[in-house]
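Below: a set of structures, written as structure tokens.
Presented sequentially are two complexes of chain A, the first with chain B as partner and the second with chain C.
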Partner chain A sequence: MRERSDWLSNIQITFMVSSAIIGVTVLTLPRTAAELAKAGGFIATFITGVLMALVLVIVALLAKRFPNNTVMEYSGEIIGFIPSKILGFVFFLYFINVVSTILRLFCDAVKELLLKNTPLEILIITFLLAAVYLCLNGISSLAKICELFEPLVIGTMFLVILLSLEDFNFEELLPAFKQDISQWLFAVPHLTISYLGFEVLLFAAPYAQDTSKVVKYGLLGILPSIFIYPLFVGITVGTAGVEAVARSLYPTIQLARYIKFPGGFAERFDIFFMVFWMLGAYTTVSTFVYLSSVSITKLLGLRNYKPFILLIVPVIYVLALLPQNIKEINIFSQYVSYIGLALLAVVIVLYILAVIQKRGKILENENK
Partner chain B sequence: MKYIEGSPNPKNKKNMEENNPPRLKSEEQVDLTLDKQVGKNLEKFKAFLKDSSDMVFREFSLGTQNIPCALVYVDGLVNVAVINEQILKPLMYQITLLETNLNQPIQRDKIFEVVKLHALTVGEVKEAKTLDDAFLYVLSGEVAVMIDGFDKILIANARGWPQRGIQEPPSEVVIRGPREGFTETLRVNTALLRRKIRDPNLVIRSIKIGRRGKTDVAYAYIKGVASQELVEEVERRLSQIDVDIFLDSSQIEQYIQDNYITYFPQIEVTERPDKTAASLSEGRVAILMDNSPYALIVPATFYQFFQSPEDYYERWILASIIRLLRWSGAVLASLTPAIYVAIVSFHPGFIPTNLVISVAAARATVPFPAFVEALLMELTFELLREAGARLPRAIGQTIGIVGGLIIGDAAVRAGITSPIMVIVVAITAIASFIIPSYSAALAIRLVRFPFIVLAAVFGIYGVMLGFIILNVHLVTIKSFGVSYMTPQAPMRYQDWKDFFIRLPSQFMKRRPTSTYPVDIDRRNQDPVKEEAR
Partner chain C sequence: MKINRKHIATAVIPIILAFIMAGCWDMVEIETNAFILGIGLDLSESEHGNDERIMVTYQIALPAEMMGSSGQGEGGGGGASTLNISIEAKNLMMAEQTLMATLNQVPNYTHLQVVLFGKELAEKGIANYIDFFFRDSRIRQRTKVAASKGKASEVFKVQPKTVKSTSQYISDLLDENEKRSLMVLMPMDFGIMQRHLIRGLDICLPSIMVKKDTLTVEGAGVFSGNKLVAWLTGSDVMSLKWLHGQPAKGIVNISSGKIKTGDFVFKITDNKVSVKPVLDGNRFIMKVKMDVEGDIGEIQNEKFNTYDIALIHQMEDLVKQKIMQSCSQLFNKLVNELKTDCIELGRRVENYYPDFWEKNKNRWKEYFVNSALEMEVEVKLRRVGVIK
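And then the complex of A and B:
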């Protein structure tokens, strides 16, 4: 009937972008921000968000020019066959590394907080298989799950922010206004990993109901993170102080732990937060599992991506177990975010080339 | 028409031939076309039906010319008073009277029309041209009137059989609202619907299902409201059913549902005509079956199972609060024991220290881990519920007292289980009965067993993993092409007016979009621009 399995409504695009962005890195985001930008972390985070929103507009404009194809196909039109295949391979590498990194980060946090005695391998494989189950059901189910879980995730984040206000001390943030702009800008590249995920537009746009509105709905998707991330960083630093946050392993969890649940029927709010946090991590992991399998399929010029989902499971598993300790994970994730930034730069170049070469369709501008 | 499709079971073949050879043989010889002679037609009827004691074959002669005629009907399915007064009396007596008064006999070749137009004082009169049709009519409770000289049969409607009266539906009781419920007679049910919607666009079409049962199945929709695609889909799925007999509409449900590897119901079932009529006005299609007091409503989404007709009869604020209560009931019914197991075995730090101490003290004498304790108690509850459900009401209460009070108390005193576990089980039980739809409540209640297992293995992480997988499963279900989790996934903001809460009726100017109604507006208003669906 009318609801096809490979069809996304505009709202679903928003939810997919939003849930691909809001993911595991929020657990560590305040630490990175506090380490590099000290008290001004929240400003640096906000600047990063705005910059990333601009990049998202360009990504969406590129996707809009080619409403029937993914980036794997139209990059060939713009830069030629061989470079486009190389780009596609880098995309695949990037996606698969993102899955491994966030999976590892997340499972480490789960082990640390919830299941001290369960082997990490078990956690990784169960969570990965759950994501695979979703991906096997297609992009439409993925979008629906984003719609179901995203409100819960954002709601929990707001709850944490609201309940932490009690301990919030604005004086901790005051040094931010004496800082140099360069210190904020210096932190930007390190913070971008938290905002990465909107690359999903490059692959999901062909399924969109109305590709001409992809810019508007994509922007709507990044909005929640632009506001919640700086709030989170600000509240965490304001509650615990710069030094404590910079040294804490999972400052967000630490923040949640301070919270006294009203009525006192739950002692540890961090477990509560972690539980709903799983949903956010799940949508991110699933989106990237989907993207990795689709990118490798398109790279090989095939159509059915479902066998590849199963094929990449062992690769992700091994990659996720590769880092030995939390320090290596951090280095690993830093490299991954650099690849992501480089890819975004390439996408911007692609867009400029496409405009110059007048490739692709120029859809009617949305006048709203 | 053949009595036995395919070849009979070879083991029974000899036995069957010994027992009823004559009937089988006579059947093969019968020619199914109708003859002009009444005697021969009657013979054909008798060839099939003479062994049945409930058949009545009545021969009589018509008018002054003594034209041979015959009636065939099934005793018990017809209203004898109608036959005597409206069929036999005009034919045997009044036509003779007419002919005597006119002093001329009616022409032989016109007698069929005369009888049909002037003599039979019955509302519904049809003609059957083949023996097959005639059989179906007669066995549905109509009267076959055969007149000599015509190779067609007059069928007069004199249906009337013992039937249950309209009663309050026992499975869907409301405190405020109409108290009538569907019965086992299709005609009564369609009449109940007609009384709610007096719109000529209300279409009630019917088909016959079952090779032997030939049960009437009707599907009702409002033309110009229900999507044409949906109606065609219902038609297609119904016409593809090929079975022997159907005894209840739930069997139809099993044949036309989208996904049979799930235990979530994908079709709404109701005994209430008001609920059915409301669904029709939302652009859904209702399927009614003769012999079943349950109407099927398609498409159904998950949230519909949390609605009760009473929500719309009660003030909206109260109804909304109660609806929220039902949603939390669903969460409690499926998750409480699992969360208990997870907290007790993995994360005692989650609950306040005082509570941890009292839980630990209560569990000190319990010899089992929390997982076994939970599984045992939940299974016992399921046993009690199932035992009580099938018993007569008086004994059912005894079971409740023995099970709930005595066993629960004794188990705690014996140290097999902790009082907290008893509380958990009781909460689960009460919460699960809050959900108005029985089949949805059953599904939600049974989902807690996998959750308990997951909680025992992975703690709260396992519970959430189960929750995620359950949701993935739910979003993949479709009911007649409509996603099960609509209006949340895919998101349809317009439908949220009647989702977690019910807004005042004045706000519901449009029908739900999830059914893709042809006419979205419930009342006259400026046509709004098509929102993104």
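And then the complex of A and C:
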């Protein structure tokens, strides 16, 4: 299988994971964290990140055990044919819903913040078609785009964080240290949606050049988000205060707008940030479109996923337009994150079963 | 000829492009943008039954006039470089609609520098008119806010000679000179306002006065809730900044008969302030710790040798006393007379004692009026200028 031309390098694996994780939710994450955990939001976000990193390790180990197949194919070995088909169908539903939720969240934010008069449908269609075009070219194109865009996205986010330090007031975060740990743990389930995305490992591992390193490079992929997300939450709360962040719908944008460039050089820094945030959203949506089409293809036992990419476009479009207002979008995204968590739990169970049943390629020693 | 993929692509792409280019809904030509530089809010004079109405003054840039003489904005251009339009409306969105009916350009808030509240409106209460600035996505939270001692529309009529617009003038002044003068309050913006108002705290805004074509941004307006209750003078602002925990530079004027030099001026070059609330029984003590370093700015004496350590120590002492005295004076005024917490003490209590705040945030005023001030000031006179 290594002779195929579209293998993915290790770095590409890292950036694919990272780009699937860092997406749209960076815009609303501080609000969720501040609503639930008040000043301790950044600690809760960090804990969530660490927990998700542990889950990622298990997911990557599972992928490493079956280096030549996607999860749809080898789950049959572990749990039987029919459960594996059900699991595959759930994966498909999950990916489709993630795409439509993220698409809707993103386009709604763009409509509110940038393009007020443009019809929502147009925003959704253009973005979706751009993502579809990328997926039609195969996974290696997707990986190369992720490799190209993601460092820019991460770099811009760090830049926003650095430039906001001027107005940062550490006192606003002091109440966090007097909080109960239960308050942080209570917030964790709602914050996990921001870290979801590394399921891509289960589907991208077969194309990786060096599957033995999947765990290490996958972990590297989630690392930026474990730092960026808590930093964003902490800095937003430190700059604006807990109540203001909990009230603001797009606290990250307000943070980017609050930046005062020295010397009045660039007044509207938030536009710069939005450009790169759009790239981040683009990579996330493209990855999930790819995952949706691949999952339905494998579910039906076929090999060519490209026709399916076009076939699911209308489904995604309709689903994206389903929520009627901004509160419903919130509810939808919560349900999607619960399904995502359930799937991760199932994957963990799969791994445990695979170990017990001694399936898959057991690498005795890694001589590196 | 066989229809291959290239043909299909050539056919499909223009169709897609046609969809995309069919209408640029949000495009506004640059010339049709009305760049609103400043907004002034006043109480409306005419009576409309029981409806309270406001007079919104928009200061709109006229880029053509601004480009005028030199490209850099130096010197006054010929004629007015801004257009002031006053519109009477019930709220800010209605005012914007009427503006669109009055002007041939599309309002653009991206360069909004300053928002002014007129005295009468501030005294009546600004609660009904600030949500627009927080909720609308076009307004930056960095926009400065100030209170005017007269009508806000009068302020915008002043045509400054060093920049092209009043709003820019006020904004520059607050940005630059606030760091160098103790009479100018630090700029307040919507982010800070939102933070204080959500917590039920009070705000103080820099105050602007217009006298015969000159603008002075000196002193501060103190709000209790959303109503203006008092004006503080330029000399009060010094202590206000320090109680806020904001380092301030400027000059301290010492008039004292106790020192041989006569009156002198102490120029602060370095300043560090830290404020911490401490719970003592049932009341709070605001502990302020200050480090001040400075020079001798000016002595009201023709010839005097200031190159003397004992004299320097004496000067340091006098400055220290003056600082402590004016800070406690202002603190007492805020606590006893005005009963407004515009020095962020509530915010600090929330940060240092979150449990207490959770229980008592609705009754914060009661605790505030019982608080005390404890100051620790250290003054060091480092240099004396360039002559002895």
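Operating definition for what follows: the second predicted complex is superposed on the first by the 355 of 368 C-alpha atoms of A that agree within 3 Å, B and C clash if a C-alpha of one lies under 4 Å from a C-alpha of the other, contacts with A are read in each partner's own complex, and residues count from 1 in each chain.
Just so it is clear, a residue touches a chain if its C-beta (ideal position, glycine included) is under 8 Å from a C-beta of that chain, and two chains touch if they have at least 3 such contacts.
Nothing here was measured: the structure is a model prediction, and the numbers come from that model.
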Item to complete: Would you sort A:Ile145 into first (chain B), second (chain C), both or neither based on which partner it touches?
Response: first
Discussion item. A:Thr156 in the overlay: touching chain B, chain C, both, or neither? Say first, second, both or neither.
Written reply: neither
Practice prompt. Go through the superposed model and pick first if A:Leu115 touches only chain B, second if only chain C, both, or neither.
Written response: both
Fill in: First, second, both or neither for A:Ser164, with chain B first and chain C second
neither
Worksheet item: Which holds for A:Gln209: it touches chain B only (first), chain C only (second), both, or neither?
Response: first
Worksheet item: Touching A:Ser293 in the superposition: chain B (first), chain C (second), both, neither?
Response: neither
Discussion item. On the A-aligned overlay, A:Thr101 touches which partner chain: chain B = first, chain C = second, or both, or neither?
Written reply: neither
Worksheet item: First (chain B), second (chain C), both or neither: which does A:Arg268 touch?
Response: both
Discussion item. Let me test your reading of the model: by the given contact rule, A:Ser225 touches which partner, first (chain B), second (chain C), both or neither?
Written reply: neither
Practice prompt. Please write out, lowest number first, the residues of chain A touched by both chain B and chain C across the two complexes.
Written response: 114-115, 118, 126, 267-268
Response to the item:
Interface with chain B, chain A side, in the complex: residues 1-3, 9-12, 15, 110, 114-115, 118, 123, 126-127, 130, 133-134, 137, 141, 143-145, 147-149, 209-210, 264-268, 271-272, 275, 278-279, 282
Worksheet, complete the sentence: As the complex stands, chain A meets chain C at residues 38-39, 112-119, 122, 125-126, 129, 171-172, 174-175, 178-179, 239-241, 243-244, 247, 254, 257-258, 260, 267-268
Discussion item. With touch defined as at the start, can you tell me which chain B residues reach chain A in the complex?
Written reply: 229-230, 233, 346-347, 349-353, 355, 458-461, 463-465, 468-469, 471-472, 475-476, 478, 480-483, 485, 488-491, 516, 532-533
Fill in: Residue ranges of chain C in contact with chain A within the complex
16, 19-20, 25-26, 110-111, 137, 140-142, 191, 194-195, 198-199, 347-348, 350-352, 354-355
